[in-house]
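Take a look at the structure below.
Here the chain labels run A, B, C, D, E, F, G and H in written order, and each chain numbers its own residues starting at 1.
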Amino acid sequence: MGSQSDWETMKNAADTLDALDIAYDARIVSAHRTVDRLINFARGARDEGFKVIIAGAGGAAHLPGMTAAMTPLPVFGVPVQSKALSGQDSLLSIVQMPAGIPVGTLAIGRAGAINAALLAAAVLALSDPDLADRLDDWREQQSAAVAEHPVDQA
Amino acid sequence: MGSQSDWETMKNAADTLDALDIAYDARIVSAHRTVDRLINFARGARDEGFKVIIAGAGGAAHLPGMTAAMTPLPVFGVPVQSKALSGQDSLLSIVQMPAGIPVGTLAIGRAGAINAALLAAAVLALSDPDLADRLDDWREQQSAAVAEHPVDQA
Amino acid sequence: MGSQSDWETMKNAADTLDALDIAYDARIVSAHRTVDRLINFARGARDEGFKVIIAGAGGAAHLPGMTAAMTPLPVFGVPVQSKALSGQDSLLSIVQMPAGIPVGTLAIGRAGAINAALLAAAVLALSDPDLADRLDDWREQQSAAVAEHPVDQA
Amino acid sequence: MGSQSDWETMKNAADTLDALDIAYDARIVSAHRTVDRLINFARGARDEGFKVIIAGAGGAAHLPGMTAAMTPLPVFGVPVQSKALSGQDSLLSIVQMPAGIPVGTLAIGRAGAINAALLAAAVLALSDPDLADRLDDWREQQSAAVAEHPVDQA
Amino acid sequence: MGSQSDWETMKNAADTLDALDIAYDARIVSAHRTVDRLINFARGARDEGFKVIIAGAGGAAHLPGMTAAMTPLPVFGVPVQSKALSGQDSLLSIVQMPAGIPVGTLAIGRAGAINAALLAAAVLALSDPDLADRLDDWREQQSAAVAEHPVDQA
Amino acid sequence: MGSQSDWETMKNAADTLDALDIAYDARIVSAHRTVDRLINFARGARDEGFKVIIAGAGGAAHLPGMTAAMTPLPVFGVPVQSKALSGQDSLLSIVQMPAGIPVGTLAIGRAGAINAALLAAAVLALSDPDLADRLDDWREQQSAAVAEHPVDQA
Amino acid sequence: MGSQSDWETMKNAADTLDALDIAYDARIVSAHRTVDRLINFARGARDEGFKVIIAGAGGAAHLPGMTAAMTPLPVFGVPVQSKALSGQDSLLSIVQMPAGIPVGTLAIGRAGAINAALLAAAVLALSDPDLADRLDDWREQQSAAVAEHPVDQA
Amino acid sequence: MGSQSDWETMKNAADTLDALDIAYDARIVSAHRTVDRLINFARGARDEGFKVIIAGAGGAAHLPGMTAAMTPLPVFGVPVQSKALSGQDSLLSIVQMPAGIPVGTLAIGRAGAINAALLAAAVLALSDPDLADRLDDWREQQSAAVAEHPVDQA
């Protein structure tokens, strides 16, 4: 993610990966303030053994796109909700990539962070039958947890 | 894709898959007008042997999200440029999925269609070294094709 | 409605139906997390005796449109105010339906929920003179309740 | 509709009503330029025997909401695509009605006009079994008309 | 104004008129819930002796435009900040009037209410030299009240 | 107006003033490129005998607001439709004036230009009974010109 | 800046200039309420010895553009976050300047204020090697301050 | 600039620099497709003798911000008008930079390209009296070229 302040959002991705028993490494890589770190990470990610990269950033969010420019791995982007524009700037900065360098973009904020983890899980499950089973279970439990009727809040 | 009219956009995804020598099946599945087809396709996709689903749709674009609701496979969504709102409605209808059901969303229109194919390739390349090589080549050629200086158009 | 969290908004529809003495059934049906429930409900609604369906959802709000795709009954959609985009995503996801499958869309949030109930009442009143009278009374009382001059709040 | 210029859009509603064999009367009623006509029409519509009103207008589109303020009949609004803002102004002016006076709003432009007719048909079909059958047929034909695979345009 | 809830905003117009010693009458006239009141007021306003009408409303804000449709007097509209869309709907519903019926629109919220009063004053001052002097004084005092340098808030 | 290119839009204001037999002077005053001209014009306008100022501009449209800052006369602003943002920038730059300096803003483009002239006429008619009669006639003719039923275009 | 209320935002620019040991003068100049002050300041700025002007304003933010119209010095604009539209109006009013009069525009709010100071520093550093060194140090410290891994907040 | 297709826009910057007799080098540097080129250019720009960098890009426009992240030189960004979103995505991707790395952003499209050149000229003129004279002349000629009255187009 781009900064410590994004962790409140991106922690939801980490928690979801934990729930699915998927190993991950959470790092702060600022596309603007730590360019070297970005270059080293993105260029070395495949050789380091990463399979999928989840990148969250806000405002003029360049981290997901720049990472995707420097790795052939699938990159999923999470637009963090920004202060003035509520993440509309983050969303457009991430999703409107030019032809040639894709970023699979999720929803703004917490839902997007959770879903980035689930999408990464779906990708990894293609070659990991155990994870596929765990993901199927997770989805079934999610469905089962939806109540039939609404309840008034106290 | 949701309708024949989306083919002008989505053909760019097909062409890119062709360029990378990736097999695919292009179908018209309307989330609203052919619900049975949608249900049958989405629920059976994994067993049919599909690995990744690319879904393009415009306006109140429900196809990608509803497909993702009915398959554990990764789903990538392409917002087709709509007439009145230029794809802003398509984009929000696809990307703003609630937590639990992810759709990896690409850019509006042609760029998004090409990138959906490239992202699918990146996913498939994780377990297909030959494809990984072809994708690396494709990316290198793309970089090499960028001229150093602009040229005035005749 | 799509989730328990929508009940705060949709309860306004229920309260308005109560005020007009119209019977209804409030259910949670998630287009994404409980697809079976959606299919069963929407396809069986006419035979179960429903006349009008009010569907409220937020974000990439697919519930109203998917319900309309599976029933010939009139469907009215209420865009629930979403966190990041204040319901702009909900509104566009509901109202911008393609030709062929209509959703009559109301305002974002509480006003829309109340009005969905009133619109359902107007539809039902076409073949229920007693309800037509009750609706006329409700509208007259509403008009009479508007003060002539503003009052400073304490 | 609000002006002759809206007819290009609203004619799609008329054609759809024709296809479903539903009688209608197409009138130009400008909320701003022909207020008397609006008042007379809206207040007398129920007694004239109208069951449902479809109102299309563009820009600061007040016709649907003002009609709804003067009749207990269900009113469906069609936002006509405006020149500068592509119907975003029309959409918000129609759909964001305050609690108390509902307008069931359809999509911007042609799709919305067709769907307004279909929604009116769904309402009328509640007490007209023959129309219900015709509407079911129309929907089935629509589904059947969706090709399985896209075709390159010549 | 359209409802009691608009008074918090519109009171700023009243206070500004008070400061300029301009007589006014503050009324609640809902375009949707009290159509008769609107018609009677707007049609009779010139004969009642009104010179300028300030109309504030929110959401699908039809009051200013409908008033302008029924009176030849100048009408100034104030978009009240709405809950979901922060007054963007109010602004477009008021300002995007079709050719033929003008509404002079001010800023969203408090600033717009104050400025509607100042614009009304400017209009009335054209034929009231004393008011012109008071308005000139008000403007001079406003300019003089701007400090040269910012001050840190305690 | 701010530039020659705005004349295509603003000519509609001039034509409307002609139709109402109101004298006017059409000048190009660029807030940015001819600041001296702006200052001289705005500060001298009242003494030159102007009663109302109509200012049209596009993009970061500062002309109406800066004129209003330098004259006590009523200023009406017309947002000219801009190339990239269709006049949304022009509209917000004109209408969102801070408290203290009002600009009565009309619709984007041609409709706004016509309405600026009509609003100016309404203001001048307050102290010119002949003009009031002409304006009443104009409005009546406008109403009478609205056909009862739409006509298919050849 | 345009008013005392902008100081909360613009103080971030002042603090950043302090951190870089750059002399500055913070003044309140309202484009609308203190036109004389604006004219005197902007026209005299170069002769007074100013090198760069940072102008912050909100809403219909005319200060940066009008200043740029009256000085050949580089002008950097900071859109202050406005109440109703979160600074979208401020941003468009500042950045969408017509060809001929440039304003280098920064982000909405606090980030933009800090960056305006940094951009001014970059400009001044072109002819001030000591400042160039201080700016390089500042940037290096900023990079070094980014932690490698996120930390849960207590 | 980011691609050959941006040259149509950015050529306006080049032409303006030519008119002011300022030397420049026009290069295509794609932030996404030619990352090495970007890194080499941005990191070496100061040592190569560049003083100011103008970067134009469209869509998810990362070039200006990434360049600014790798050079202490002032960077001015030009949002190129994109196909679907008319440059709204380009604008937000460029201007909404986080605190620490500034990009002075100009208007969308041609006006922005011209103004980027003028702003660069203003910066360079601070230490180049001859250029300052040329820029003053250019501005005076621009002012003198504004006609007093509009002319009907043939």
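List of remarks:
Rule of thumb we're sticking to: contacts are C-beta pairs under 8 Å (C-beta built on N, C-alpha and C of every residue); 3 or more make two chains touch, one makes a residue touch a chain.
The chain list, named the UniProt way, goes like this: A, B, C, D, E, F, G, H = N5-carboxyaminoimidazole ribonucleotide mutase.
All values derive from a computational prediction rather than experimental measurement.
Matching residue numbers shows that A-B is the pair in B-C, A-B or B-H whose interface repeats G-H, with more than half of the contact pairs in common.
Averaging Cα coordinates per chain places chain B and chain G 42 Å apart.
Averaging C-alpha coordinates per chain places the centre of chain C 18 Å away from that of chain D. One inter-chain figure worth recording: chain D and chain G are separated by 50 Å, centre to centre, where each centre is the mean of the chain's CA atoms. Along chain H, residues 3, 33, 59-60, 85-86, 88, 95-98, 100-101, 107-108, 111, 142 each make contact with two or more other chains. Each chain pair that touches appears in this list: A-B, A-C, A-G, A-H, B-C, B-D, B-H, C-D, C-E, D-E, D-F, E-F, E-G, F-G, F-H, G-H.
Interface of chain A with chain C (complex): residues 81, 86-88, 107-109, 111, 142-143, 146-153. Interface residues of chain C, counted against chain B in their complex, comprise 2-3, 31-33, 35, 39, 58-60, 62, 65-66, 68-70, 82, 85, 88-89, 92-98, 100-101. Those residues of chain H that touch chain B in the complex are listed here as 1, 3-4, 6-8, 10-11, 26-28, 30, 33-34, 36-37, 59-60, 83-86. Across the complex, chain H is touched by residues 12, 51-52, 72-74, 76, 91, 95-108, 110-111, 114-116, 118-119, 122-123, 125-127, 132, 135-136, 139, 142 of chain G.
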